[in-house]
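Next come two complexes, and both contain chain A; in the first it sits with chain B, in the second with chain C.
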Partner chain A sequence: MKKILKKIRLPIKIIKTQIREHFYYGFRLVASMMTTIARCGILLILYWYVYRLNNGVINGTTFLFAAWSIFFYFAFLTLQLRTIAKLIMQDVQSGNVEILFSKPISYLSYRMWWQVGSGIYYFLVTTTLGVIALAFLIGFPTTMKIGVFIPTLILTFFCGCILSLFIYSIVGLFSFWVEDINPIYWIVDKMIMILGGSFLPIALFPALMYKISLFSPFGAANMVTHTVYESWRTNWYQLVGVQLFWIILLGLITYFMFKKAKEKVSVNGG
Partner chain B sequence: MNSNSITVSHLTKKFTFSAKNSSASWLKNLFSPETKEIVAVNNISFSVKSGERIAFIGPNGAGKSTTIKMLTGILFPTLGKVDILGFDPTKDRKKLAYQIGTVFGQRSQLLPNLPLTDSLEFFGVMYDLSEKEIKTRISELVELFDLGSFITQPVRKLSLGQRMRAEVAASLIHKPKIILLDEPTIGLDVVAKKMLRDLLLKINKEEGTTIFLTSHDVGDIESLCNRTIIINHGEIIKDLPTENLAKTFVYEKYIDLVAQDNFTDFPLLPEGISYLSKDINKITVVVDINKINVQESLKKLLTLFKVEDIDVYNADLETVIRHIYEKDSQKN
Partner chain C sequence: MEDKYIMKELKFSLYAIKKNIQNSAELRTSFLMNVVGMAINNISFIILWGFFVKSVGIIGGWTVADIVGLQGFVALCFGIVFSAGDGIRRLADYAASGSFDRFMLSPKNLLVRIATASFGTSALGDMVFGIVCLVIYASLLHASILQILLMVLLVFIAVVVFFSAAVVIYSTTFYFTDASGTVGGFFELFLSPALFHGGAFQGVMRFIFTFLVPSLLIGTLPVEIVRDLSFKKLLMVSVLAIIWFLLSIKLFYRAVRKYESTNFMTFGN
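== the complex of A and B ==
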């Protein structure tokens, strides 16, 4: 127990420090929240209108399901886990990586916790407000009231976090070899956005795209968007299994890439 | 004072990078680019005793920072071995990090948006200190580094001098046995430089911390370090007590001649004497005392110039170091 507490002391400190920084600069949080609410809100209004034009049902799904699915995507986005790629690139390009490499920490896990810390407050506030607003405005679908929903939502959420951190860390680690990772980042990010259901709810995906969304790591990173649909009740263990498969595979890739990256470090002035 | 803190043997670091060949196709450049190799550090060996204060100096691109980064485990050597306090930085980087402190003058390790106290607490946790130890150490550092007046200010609002003091304090939170500083006084004004040097001397005396610094500032070397290692083109060219550094060029004397009226012409000087600067009010000459002694030179100069005042002096440390760099560059 003492060992575990010692291990989690630094991650807790990182998260606390980041939350403190958010409190210190409260306006930033409000601005970011307003942006997310605006983006998510506009999409919801558009889909509400599209569903109404189609007598409330598209592809066998109602707006209630699509709205919660879109909301889960945006709530997950507020964790800002994708920023880890850019942060690693900045560290490598600015040479800041040498400071963190000289500390008694693992650079990559430090950066992962840093990323979790920088988004968690924003995530908690936005999600809480969003859930209250949606519950009040449109209510909960029946699928969110079954017993398996909350535990599997939490499980797939954590798996999604880990998977996202691995995917974006791999993108970031490319900066040890490639000068500008922005094109790679752009491709991966857009894949995740599209396959995760940010522009179009996954229930409206064509069959092939739906399969890609289920079995690719990009879609698997946003499996939370699947939890509101009827199919989740019977398929959740398969979908979480897909997530676990990608976590193991991408975790290994991240580990070996980072190992190689450490030997590749080269910063200005040495 | 007798045990070695740092032992470096035959350390070499080569950097390879791909270079675009303008005559080759883009496909060849993409998949099979030409590579170039730079030897940043070439087969250097030295050792540092506990409590020593070492200046590791050299011109830009000499290999100073690369060496410091290999000592801390940030860079992996191509060849050779480093032993710091019994640790191999390539294998025991984390364990070593608990024993050493690092300051990179051009980069900040502090949390920019939060008060300094948050950074100090943060590093305390990072170095596994207990809450009580963190509190005690912070108050020690606040007193030692006089941080009290700005400890509650966000780091980004600190002046450069205050920030550098804070950087050094943060790197000492875990009472390291060695502190490695890469150009710690860069950009500081004279007052801030002196304050920082005094503080480093103080921690060396009071806590026995070994100091290993790279700097371009002669003041850092003169006032802080008892030993100087000069590196150029990746190789150690001098390793000697700092006080002996000035004696390296004792065969050169400098003579300033101040004009009685104005110097109108500048005749050819006798062998062993050469102009360093020529001005209508003042001439500075360099005398090679292996060829002509000071007394003889003065006699000859006084027959050539009408002077109001004369000043004879040795080269300052900056000139000595410049000479060493120049001589080494000519050799290469």
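== the complex of A and C ==
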């Protein structure tokens, strides 16, 4: 028990410090909300109009499902887990990584907890306000009222967080070999954006794209967008299984890449 | 006298841009990766909105070809403004670190000096992507000479609007203590709608994103002007571009007055 408490002391401390910092700078929250409104809010209004033009149904899906699916994507985005790639690159480019490597903590887990801490405050506030606004304006679909919804939503959400951290950590770790990881970051980020169901909800995907979305790590990272559809009730264990598969595979890749990266660093002190 | 001054400033800005490009091109691999990476990155928007049109059908007369044109206009504007004038995007960092002082002390035009202080390599990828998209759009549209000339003119007008909007948004830096994130949020509010399917903007939304936030002026309206040969819309966009340009200059110098130096003795950094 003591060992476990010691293990979680650092993550809790990091998250607490981050929340306190972000709470202090209120304008950052405004910025985060503004970004969500710019992307998600305007998109929802446009979709509302488009669904109305199509008599309320497109590809067998109504606006209610599409709206919640899009909202879940953008709410997940406010966690800002993808920034871990850029932070790792900055650490490598600035040499800060040498200092962090010499600390008695794992660099990668420190960076992951840091990332979770820096987005959690915005995520909680934005998601809470968003859920209230959507519930008030359009209501909940029946699929969100069944018993299995909340537990599986939480499960797939956590799996998505871990998977996203692994994907973007791998991108970040490339900076030990590549001068500038931005082009890799853009491509991976856009793959997640397309296959995750951002501007185009997964219900409107063509058949092939839908399959790629289900079985690729990019789509699996945002499986949370699938939870509002009818198929989730029967498919959820398969989709969470896909997530777990990618978590194990990408976790191993992250581990070995990090090991190789550590061998490349020479701490000279000074 | 005035002409001589403008020419001098123009010469200086071209010299600064040239030096910035030479500086970026020194790291060849990174330079090329950034340009190619950004061009690939932009294709994702065409894929997304292309599938949207396929699923939803034609809305407001907008086809996949128009989406290509829209992405072309927006990417080209973004590329031109943020390659040559990347310094505008860094205004929040300059003000926070105190390095804004060196611009204030420069005998050159303040806005030109700031804009040309940095070069956005990846924005070159946006430029390449934008030009390719507009060429494809022109061929899909079977564009006449008049339409091609209109496209060139509209790129110029859209660049003026984009630059003005960027100046207005990044000038708000001086009103906040921790401006970087906030200003980024404002910019997102301007850019995101510009990338969305133009035909879906109708009624109140079209009014807001034309007159209050100039998002539709840099992509959606230029596409509609070229497609429909609408000179009424061209006149409206031109007038709005002039208003936004004059407003941006005025707001920028007013905002600069709010600046308080936080110099960390890093003069010249």
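One rule holds for everything that comes next: the second predicted complex is superposed on the first by the 265 of 270 C-alpha atoms of A that agree within 3 Å, B and C clash if a C-alpha of one lies under 4 Å from a C-alpha of the other, contacts with A are read in each partner's own complex, and residues count from 1 in each chain.
Heads up, the rule we're going with is that a residue touches a chain if its C-beta (ideal position, glycine included) is under 8 Å from a C-beta of that chain, and two chains touch if they have at least 3 such contacts.
All values reported here derive from a predicted model rather than from experimental measurement.
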Partners on chain A (chain B, chain C) - clash or fit: fit
Which of chain B and chain C A:Pro104 touches, first, second, both or neither: first
Chain B versus chain C as contact partner of A:Ala31, first or second or both or neither: second
Touched partner set for A:Thr128, first chain B, second chain C, both or neither: neither
Touched partner set for A:Phe199, first chain B, second chain C, both or neither: second
Cα-centre angle that chain B and chain C span when viewed from chain A, reported as a multiple of 10 degrees: 80
Chain B versus chain C as contact partner of A:Thr142, first or second or both or neither: neither
Touching partner for A:Pro183 - first (chain B), second (chain C), both, neither: second
Partner chain(s) touched by A:Asn96 [first = chain B, second = chain C, both, neither]: first
First (chain B), second (chain C), both or neither touched by A:Arg20: first
Partner with the higher number of touched chain A residues, chain C or chain B: C
Gap in Å between nearest CA atoms once chain C and chain B share a frame through chain A: 8
Interface residues of chain A shared between complexes with chain B and chain C: 25
Of chain A, residues touching chain C in the complex: 25, 27-28, 30-35, 37-39, 42-43, 45-47, 49-50, 53-54, 58-59, 179-180, 182-184, 186-187, 189-191, 193-194, 198-200, 204-206, 209
Parts of chain A lying in touch with chain B, wherever the complex brings them together: 6, 9-10, 13, 17, 20-21, 24-25, 94-96, 98-99, 101-106, 262-263, 265-267, 269-270
Chain B - residues contacting chain A, complex: 15, 40, 63-69, 72-76, 93-95, 97-98, 100, 102, 104, 106-109, 111, 113-114, 118, 121-122, 125-128, 154, 182
Touching residues (chain side chain C, partner chain A) in the complex: 27, 29-30, 33-34, 36-38, 40-41, 44-45, 47-49, 51-52, 54-57, 59, 122, 176-179, 181-186, 188-193, 196-197, 200-202, 205
